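Letters A, B and C name the chains as they come in the text, with residue numbers starting at 1 for each one.
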């Protein structure tokens, strides 16, 4: 364990070196002309930041609405998935697996174009919320199912033998414990969700990336704008990722929930050792 | 007696004048339409929803400082809206979604530098042709490309699903196409060298040439692109209304004023109304 | 409605080009990400404070920013007028996806390395094996067991992420569906492409579940 312990103690110095490195990169960028100073000037204006802030608000709103809606749909779906047997269970499972096996961008575009063919009127933002909710409710259903399954059968049987019906068992025994186990997975999915709001830009919606692109049209500094947008996303997602890991650190390893095919969740689960 | 006859003549004039007024020409004063006409429905909705481009200088361009949509297409929409007595509302209609937007009633009309092709006429209706554009090429000033035939084996940027990309494939079958959802992105790809030419209507290219230094149009115009306002099928009354609005604007010079304001700065030439 | 509709039949060559590019992007980025991941994990575990922090910065930055922004940035940065590395959207996609996925692979490989008892590494070193040799002959075989299911999950996520490369004008499956739809106003392109994606992700998911069971992971 010695080499690893030493490695961990040296990290704070490493962070200082990182800051120095970053500053050096920025200065080099200015000096070499690759990221000319004048193209960064628009970012010194307050109006720039209020403009980008509008886009950020849209992004966060879409994320929040989609998360709440996904939870409202995903939790009952997950409970249904674990409670049902036979053909109804297969239908739910089939639906969840198919949705999760589809790229989120494909879902967004298909909903945007497809619903309009069926006669439903949706703006890009509304279609995005529907699509993100559809996808993430399926993922959260799996998280809930895994969470419920992770509660030992012994407790469930004990609750039943005390006379508690299915609903009460769920509400008083299983779900409270399962929810705390699911917390890191849910926070990780929120990170994915916020990153996925950037895909709205492809639908023509105006969220942070869309605002950034129109900002570029005006000032002609595309690379710099992308860097700023990336940093804004980072400022939101990194704290969430730290929170997810802290939540996970509180759990014993065999209680961790990871859902197949979701990268951000694997990241949380494996970064702790 | 004379006063009575004079009064009757004046009355006759007034009656004739009033009935002429309500005859349906593009008079902005108190427009009213048959109860179940498309125009009446739009008036009930309280707004005219137009699909336009937001990134095509001269036709449909959303100014970031004023948040207003400028250009010929936008101004035509405003004229139609004025004729209905409702405010216009602008929605961005990119090449890839403007047909679905119409057929699914997301917009009342589409004025989005849309070519009136026979294929499209099977799905939607068009107003009179308000501008004849043509497909051309935008290249860097130091490029060796002169005409569309030089595009073979080269990387060409165009719009996903547009008539332009089909035309390029037909005229230069071995050209490699990079297809973007907006022409702004295509222009950016030309600027940083990911493609050697952007090919689409000259109307769009003029705007790009304006914004990207060191580029110019080459090869003249190799197609005829008649632009029309798109309307969903089954709204013949609306098509007639729009056409008569256009006629009136041609007659009283408003149309020429719009051409001079929106198009001439980029083409440097006067425009003749094509109808 | 025919199973193979007219618009689909006309564009079948285009569809297969899209499918091919999706597979190419997936496999290529997986290889690239694996290389980056092994390097990154090694830096993290055995690098000094500077290299280790560099690896942490890389991982945290590329995992907490959207792939779309990264790809758009690289498309412009690598273009002929700037760094001049490539203008081909597929190549940019390969590089961008490798870097993005590599950030995740780094963490997976790192946990795989750390799952091996460090005394084994020390024993190997004291027996005279170099760092590279002890890594290759002692650590990796054991780490691979830990690492395969999460890597399988990343592969599934990668297949889905290739769809985003359509935004920088690469002709992969989602772009093909869009081309068919706007040329012919037919939705069949999207249906075909959905089946195409499922043909890749569903078997992979099945394999991951299988490997989890075989390698003794309870879920």
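Note that contacts are C-beta pairs under 8 Å (C-beta built on N, C-alpha and C of every residue); 3 or more make two chains touch, one makes a residue touch a chain.
Since this is a predicted model, take the numbers as computed values, not measurements.
Relative to chain A, the most remote chain by averaged C-alpha coordinates is B.
Chains A-C form the pair joined by the most contacting C-beta pairs. With centres defined as mean CA coordinates, chain C is found 18 Å away from chain A. Centre-to-centre, using mean CA coordinates, chain B is 43 Å away from chain C.
Taking each chain's centre as the average of its CA atoms, chain A and chain B sit 40 Å apart.
Counting partner chains per residue, chain B shows two or more touched chains at residues 100, 181, 188. Counting partner chains per residue, chain A has residues 113, 117, 202, 222 touching two or more of them. Shared interface positions of chain C, i.e. residues touching 2 or more other chains, are given as 76, 82, 167, 178, 181. Of all the residues in chain C, the ones that touch chain A in their complex are 45-46, 48-50, 52-54, 56-57, 60-61, 63-70, 72-73, 76-77, 82, 101, 104, 107-108, 110-111, 114-115, 118, 121-122, 150, 153-154, 156-157, 159-164, 166-167, 174, 177-178, 181, 187, 190, 193-194, 197-198, 201-202, 204-205, 208-209, 218-219. Residue ranges of chain B in contact with chain C, taken from their complex: 95-96, 99-100, 123, 155, 157, 160-162, 166, 177-181, 185, 188-189, 191-195. Remark: chain A residues 112-113, 116-117, 119, 121, 202, 204, 213-215, 217-218, 220, 222 touch chain B in the complex. Those residues of chain C that touch chain B in the complex are listed here as 75-76, 79-82, 84, 87, 89, 167, 169, 171, 175, 178-179, 181-183, 185. Considering their complex, residues 55, 62, 64-65, 92, 94, 97, 100-101, 103-106, 181, 184, 188, 211 of chain B touch chain A.
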